[in-house]
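Take a look at this one; I'll ask things after.
As written, the chain order gives the labels A, B, C and D, with residue 1 at the start of each chain.
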Amino acid sequence: MREISFARAINEAMFSAMKTSKEVITFGLGVPDPKGVFSTTTGLQEKFGSERVFDTPTSENAMTGIGIGASLLGTRPVMVHQRVDFFLLAMDQIINNASKWKIMFGGTSSVPITIRLIVGHGWGQGPTHSQNLHSIFSHIPGLKVVMPSNPYDAKGLLLESIFDDDPTIFLEHRWLHGQVGKVPVEEYRVPVGEAKVIKKGSDITITSLSYMTVESMHAVKELEKLGISCELIDIRTTSPLDIKRIIRSVNKTKRLLAIDSSVKSFSVSSEIVASVSMEISKLKSPPNRLALDDLSSPTSFGLTDKYYPGALEITKTVLKMFGKKTKSLNNFKKIHPHDVPGDWFKGPF
Amino acid sequence: MREISFARAINEAMFSAMKTSKEVITFGLGVPDPKGVFSTTTGLQEKFGSERVFDTPTSENAMTGIGIGASLLGTRPVMVHQRVDFFLLAMDQIINNASKWKIMFGGTSSVPITIRLIVGHGWGQGPTHSQNLHSIFSHIPGLKVVMPSNPYDAKGLLLESIFDDDPTIFLEHRWLHGQVGKVPVEEYRVPVGEAKVIKKGSDITITSLSYMTVESMHAVKELEKLGISCELIDIRTTSPLDIKRIIRSVNKTKRLLAIDSSVKSFSVSSEIVASVSMEISKLKSPPNRLALDDLSSPTSFGLTDKYYPGALEITKTVLKMFGKKTKSLNNFKKIHPHDVPGDWFKGPF
Amino acid sequence: MNKSRNNSLELFKSMLRIRMVEESIAEKYSEGKMRCPTHLSIGQEAIATGVCSALEKKDLVLSTHRAHAHYLAKGGSLKSMIAEIYGKVTGCSLGMGGSMHLIDKRAGFMGSTAIVGNTIPVAVGLALSIKLKRRKNISCVFFGDGAVEEGVFYEAVNFAVVKKLPILFVCENNLYSVYSGLEVRQPENRKIYKMVRALGIDTHKGDGNDVEEVFSLTKLIREKIVNNAGPQFIELDTYRWREHCGPNYDNDLGYRTEEEFMSWKKRDPIETQRKRIKSNEYFNLAESFAHEIEEAHKFADKSKYPSYKQFRSIQS
Amino acid sequence: MNKSRNNSLELFKSMLRIRMVEESIAEKYSEGKMRCPTHLSIGQEAIATGVCSALEKKDLVLSTHRAHAHYLAKGGSLKSMIAEIYGKVTGCSLGMGGSMHLIDKRAGFMGSTAIVGNTIPVAVGLALSIKLKRRKNISCVFFGDGAVEEGVFYEAVNFAVVKKLPILFVCENNLYSVYSGLEVRQPENRKIYKMVRALGIDTHKGDGNDVEEVFSLTKLIREKIVNNAGPQFIELDTYRWREHCGPNYDNDLGYRTEEEFMSWKKRDPIETQRKRIKSNEYFNLAESFAHEIEEAHKFADKSKYPSYKQFRSIQS
């Protein structure tokens, strides 16, 4: 199968969805501009016209309400924001309207919108351009929250989200856009609410999501060499959370490390640790989580390395859980500065 | 000591704070109106004038930013919203500005604002007038989140919040406003970040917060009669969370039930269960939580009884944890309909 | 002439029916069977009736916390509304919304919500979809003078203008937001419709207590919209007689003067229209409405609450 | 006369210094030591300089993502700014804010943030506190044409008018929000300053590339504000020369025409002012600024990063 980038996979999903159904439209600041939201929306306006693909004013709250309204008549809007952080302006519309519309009208109406939000990371994005807010969205009943970690899932989950009748928050980690992987040309779906076992293993269950799954994969390889067999589960959707799949795995491995890309407290990782602990009492070591310190994200290059855990920290954490030494660990030579996804990246955004 | 209501205690704290410091101001829709936000702001404008106590336009986001700006010059705004739900309009200002101002300017500035939010409950408040969103606020680094359960704490915690230099979300459960309790006349403080042991016990630790502490107290009494000695901890502030105090207690009792007033998943109760599970491996029964189903809050009188757990459900949950029968339990005769805090309440708001 | 006489009578009937429905709610509220916040439009009926009567059935309406009148005027089912307020499964939202969340899609009433201003962009979204689908109907949203203070109103109008969408914004200016007068919320002497005009939209102003004026103004404006004149805004002055939320009068609270109240009460929209039509049908009408309303309350009272299972199944 | 000649020279100097600072950033950006999103104001200097020179030191300023010019014009420390962009602990925000989060309270520069429009209400809050404390200074906030589309702008202006607060709103209209022209965001032919006037505030319009005009207009307006004329709004036309974010030119992308770009480049605010003052000091000035700027970069480069401990201690 051919390989394409995550960004390209998103772009293909959009082409495919818009071709499949005239009801699909897409809008947001910069959607039809020359950069095409990190090239995920490139070519859409040329192909589908400026009625279905358009730029918007900087009015996040109203634009979300407008998407909701359009969706009530069967239109399927895919809204895009260049950063999750900007979407905080639209919390009234997404929480008070979108998430509740179906239930507060007794199921007589539904709101089939998809909100694509880019999670910023690296290059001094700082406190208001790199927040990971999935735990907040996941706490709201009536919202689905999707966080793909690879091109295949990105395409399949986006298509599923668009044609799902409920409002979906679709989070794309900026550093995944450049990831390359096998993606079918044709339309296919990946179900929302199903976690995926990326690697089978017997000694510990590691749950991960979005970009952290990439870091976890490196760690798991390393740990294998060190004699620890990890079962790596990519959550894929935080709401609904496939807790059954996780519990099945922990029942086998009897150990849990929940990895999250957000700050630690009151997070998805808290929920996973809690749910597992309530179900399974006989673990071989206490359940654990690895996430960000409870601090706003730093800007300085001198701070971000320590703030963001990666493959090395995951490996160390697991080794500690097995009571093994971590000192000699020196295997993750950084091939490029810690604050960029690759050498090609020179900033500024 | 004299007894006054929770609402009166809030009112006293406001009088006291405004007398102590000219920097304290208070505003919000309805603050100086005849109902005085459930009589918590009554008399303030008469006493302190309309420059320091004023009504506002329905502009939640700007008004929050305005409070932030005023606070940068040393003013200490206390902003009020009749429902938490309305404050969703202000998430940009509270999350992108207030919570981060201090850290994103390297500690050179701080934002001493207090946001009083009323949590709606009962009488068909429904999906957008009775949300419990403390888990969301707690997840944001840089915000303090306070949830008093009784008049004494309400006064002391509000005074502490107002004179604290960080932004504080102060949540008042509507049904607590009528609660009566002993409150000193003079100014005193209750520290933010300290949980309180309401009742000592040896068999199980129950953590609770805000109005749920009232229900828990009833349950704990009942359980005592049934031979189960509960240690009831009122969290008081969800951020910072006094997890040390909780762990100390569970280390003694070896059992945990975390009670929350919000929906279950990704909540404060998840965090408590997770934190305890990571620390203490040898519990006598799996840790447990009691919170709302993951559904938007219902409106109908026919649904709210089942949706909101109370003393009865708490008692049953604890009994189950001890493997005891719950069938014969018939002790909580409701003295008034389940959707009102007392017979005096006839709606409509 | 006859046609117009007939229309005047229809307008009167619609208002009278709404008034009687709302008074029945006020009267029975203390029975404690309608257990939800309830905002009555008594005194403001001419706007709901005038606007909705000038709309076509296929036109789509959204509203606010104070929605009963709009819902009924647009043709929403009375029984379903009353049952909804009783929290029953026979309600228009299966009892899951209450007074503030009404819907009757068959009548083109697309919903009402309890957060000030937040149906305004939703209505613009309806208009966007209408335009994309090249339909010939319009979207119409009701809101109060307080909602105008929300930034989302401004954002929504801006977008509607940029895209020339088929939408009618109807602002019911009843001078108050709960107990707060305009003077503490908006600039002195600033007229809402003039301010809004500067956003780039055609605006209109009318007497919200004169149903004929509201009707003919709306007819004209609707015509403009369907002829691609772009979005339109109309401000209508009116006055709420009873308390902001609940069944009672509240002049004793002192947030508004007795004179002000009386001067508006004299301008009762229903009385004004009754004088115009000089109909002797009043008693017959009132009787038949009273009967219909009584039936609706009985129906609601006898209906069942939704089951928790039903409630849960909707969200999963 | 002499005084005015002197002032013109000062305005020129301020702009030249800002330009040279920003060009030094553009030049050195590819070294990879300034690792954060960076928005340059090259071409827009007349507004920062004209406005801030007409303000007094005690006046308070807030700004946006594109803040370098405002910060420097208001008297913010150059060294601290450059060090901030390098992410160093010697930066004005201890390296914790980066280019988009500048602050220098001693100079009355109260902060800049990266979320479009969200310092606007904060500035109104400063004005509220100023009024409560009966101080004689004013608050001033810079923002772009895009920020005007945020509802919070509208809400903030409304409140400032209701309370007659001492605040100056400065809108830099550079025709673009990132790559999006005004035509896809705001109504055709709607003038921002006219729209805003209808909100109830005095508004003014000026040539944002003419520093003398900006200066004298602001002087006048500031006078009004301190004499209790209430809040004021000024729209200034200008043009950003380089890409929205980053050091390069980006006309090749095709979102704006070469003609448009050239027509604005001809109206270079610095060149215009240089012709006016007929100064021969240009080379001396440029040399001394170049030296100062080089020093600032060296200082930044040599400075340390903040420690994680420091970072953590600030938030607990």
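Structure notes:
In the analysis below, a residue touches a chain if its C-beta (ideal position, glycine included) is under 8 Å from a C-beta of that chain, and two chains touch if they have at least 3 such contacts.
Computed from a predicted model, the values in this text were never measured in an experiment.
Chain centre most remote from that of chain C: D (centre = mean of CA atoms). Averaging Cα coordinates per chain places chain A and chain C 42 Å apart. Measuring from the averaged C-alpha position of chain A to that of chain B gives a distance of 31 Å. Chain C and chain D have Cα centroids lying 46 Å from one another. In this assembly, the C-alpha centroid of chain B lies 36 Å from the C-alpha centroid of chain C. Touching two or more other chains at once are residues 56-57, 59, 61-62, 85, 89, 92, 96, 103-104, 126-128, 141-142, 295-296, 299 of chain B. Counting only residues that touch two or more partner chains, chain C has 95-97, 101, 113, 115, 149-152, 155, 158, 162, 184-186, 306, 311, 315. A complete topology is adopted by the chain contact network, contact being made between every pair of chains. Only residues 29-30, 32, 35-38, 87-89, 95-101, 113-117, 146-147, 149-152, 177-180, 184-186, 245-247, 253-255, 304-308, 311-312, 315 of chain C touch chain B when the two sit together in their complex. Residues of chain A that touch chain D in their complex: 29-30, 33-35, 54-62, 85-86, 89, 123-129, 293, 295-296, 298-303, 306-307, 337, 339, 346-349. Across the complex, chain C meets chain D through its residues 149-155, 158, 161-162, 184-187, 190, 194-195, 197-200. By the touch rule above, chain B contacts chain A in their complex via residues 61, 85, 88-89, 91-92, 95-96, 99-100, 103-104, 126-128, 131, 135-136, 138-139, 141-142, 239, 241, 262-263, 265-271, 273-275, 277-279, 281, 283, 285-289, 294-296, 299. Residues 25, 51-52, 56-57, 59, 61-75, 92-93, 96-97, 101-109, 141-142 of chain B are the ones touching chain D in the complex.
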